[in-house]
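Next come the structures, one after another.
Presented sequentially are two complexes of subunit A, the first with subunit B as partner and the second with subunit C.
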Partner chain A sequence: MKLLIVDDSLIMRRAIERCVSTGRFGEVRVATNGRLAVEEFARFKPDVVTMDITMPEMDGLTAVERILRANPKANILVVSALADKATAVEAIKRGASGFLLKPITVESIQAALDDILED
Partner chain B sequence: MNASAASLSPERELAVFIDLIARYFQTVGGSAPVFLVPTLETALPPQLDCTGYMPVTGRLTGWIALSMPGALLCSLLDHIGENQHDEAAQLDLVAEMAGTITSNAREHFGERLYVNPTLAAAAGDFPPELVPPTLSFRLPFRWSGQDAYLLVALHP
Partner chain C sequence: MEEDILKIFVQSVTRYFDTIADGGASFGTPYLGGEPESAGLGFSAVIGITGAYRGNIYYTASREKLHALLPCLGETEPDDRLCAELVGEITNTISGDAREQLGGGFMISTPFILAGGTLAVHTAKHSVCYVLPVTWRQHPSRVLVSLQKSPDTP
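What follows is the complex of A and B.
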């Protein structure tokens, strides 16, 4: 399986990669903003995406919308610190498969990815 | 924004940030910090080794910053299993922390707090995009034997 990690923080991208490095994902790629995520999704065609929201150039919610417009079956887990309910609802309204609140733990991100991939 | 968010008192705002910093350190570092006496500042306090800034717009404008010594950041990097401990990694982490703690605060402040991508600066540097505050609120804390602080520079 293939995973695309989208976050503007190098430390967060590597933390997520370590959290999921249990052999489930044979190939992992990264993008540092929403615009690059849309481009990388088209090339890489990942099974699942983890998507931050607050990023430069293009935010994660816009990227979710653009990826899903071209790929309606894309699995996207929004991973954000924005803790208000309106943001989570907006992410789901735009088509995200799940919403995980930062700060994350190994257990929380593995469980969130399990939920998405089991569906 | 809900009614309770609109009427948060300064004491309640302080409690919100104490809870969020404690939650971050508990989750990522395994233990909560000890909070010290908060102060009102009339000038920009001396920045520690690395500072992460979260610019805020909306009904509240200004920024919220987290200023931390390098040793504390290296200790947190160890906790998350990160081998890279140089200044670039420390600046990345402090920016991510400032962004996470401020963004988590939207649960309490709602649309009064519209967050933007974070900025980071080493000691002695101040992001040219930001304006130094004439009045700010400093919340010092200690974790793993190291002192750090949160600086809230917001106005309506």
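What follows is the complex of A and C.
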């Protein structure tokens, strides 16, 4: 399976990659903002995406919309520090498959990805 | 208002260290700050706040503290680049967490990493800067909060 990690933080990209390194994902790619995520999704066609929200150039919620417009069945897990309920609701409204609050742990990211891929 | 906001950041920092490092964060008495030479601890980041509040949130920590914390995130070879990335991520996470209580109108920017040990604090207009001392495994760090409610915020 293929995973696309989208986050402007190197620490977060590496943390998520480590969390899934022993799991089901044979190929992992990264993007550092929403615009690059939209481009990389079209090339890579991942099974699932982890998407930060607050990023330069294009935010994650806009990227979720753009990816889903072209790929309605895309699986996108929003992983964000924005802890208000309205943000989580907005992410789901825009089509995200799930919402995970930072900081993450190995258990929390694996469980969230399992939930999405089992649906 | 200041006391309530500082409590929110105490909760945010506590939650961060509880999740990443099995807890252990303790807090000193907050004080009014903003002296550039004394505020910075080596690595610092700032997040700009707009919307319902205006101002800045800073997090600053020593290299030793960040080197001790990085293995909790799986980083076994800490270096200065990762230290800078980590202060940015901590600033982002504690600021984002504060939205749970301050609401979606508490708009946060992406973190900006500040190089060098001196921290030039930009205080929000008509406001002051509060320094919240944080200790984890005997390593000091600080959260600096300078916020002003926007005039049109109820």
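Everything that follows uses one rule, which is that the second predicted complex is superposed on the first by the 118 of 119 C-alpha atoms of A that agree within 3 Å, B and C clash if a C-alpha of one lies under 4 Å from a C-alpha of the other, contacts with A are read in each partner's own complex, and residues count from 1 in each chain.
Here is the rule we use: a residue touches a chain if its C-beta (ideal position, glycine included) is under 8 Å from a C-beta of that chain, and two chains touch if they have at least 3 such contacts.
Computed from a predicted model, the values in this text were never measured in an experiment.
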| item | value |
| --- | --- |
| Overlay on subunit A: subunit C relative to subunit B, clash or fit | clash |
| Subunit B versus subunit C as contact partner of A:Arg18, first or second or both or neither | both |
| Contacts of A:Arg69 with subunit B and subunit C, given as first, second, both or neither | neither |
| Contacts of A:Lys93 with subunit B and subunit C, given as first, second, both or neither | neither |
| First, second, both or neither for A:Pro103, with subunit B first and subunit C second | both |
| Which superposed partner A:Lys45 touches (first subunit B, second subunit C, both, neither) | neither |
| Common ground on subunit A, meaning residues reached by subunit C in one complex and by subunit B in the other | 8-12, 14-15, 18, 54-56, 80-84, 86-87, 101-103, 105 |
| Contact set on subunit A toward subunit C in their complex | 8-12, 14-15, 18, 54-56, 80-87, 101-105 |
| Subunit B partner contacts - residues on subunit A that touch it in the complex | 8-12, 14-15, 18, 54-56, 80-84, 86-87, 101-103, 105 |
| Subunit B to subunit A touching residues, read off their complex | 23-24, 27-28, 77, 80-82, 84, 88-89, 92-93, 95-96, 99-107, 110-111, 115-118 |
| Contact set on subunit C toward subunit A in their complex | 16, 19-20, 73-75, 81-82, 85-86, 88-89, 92-93, 95-100, 102-104, 106, 108-110 |
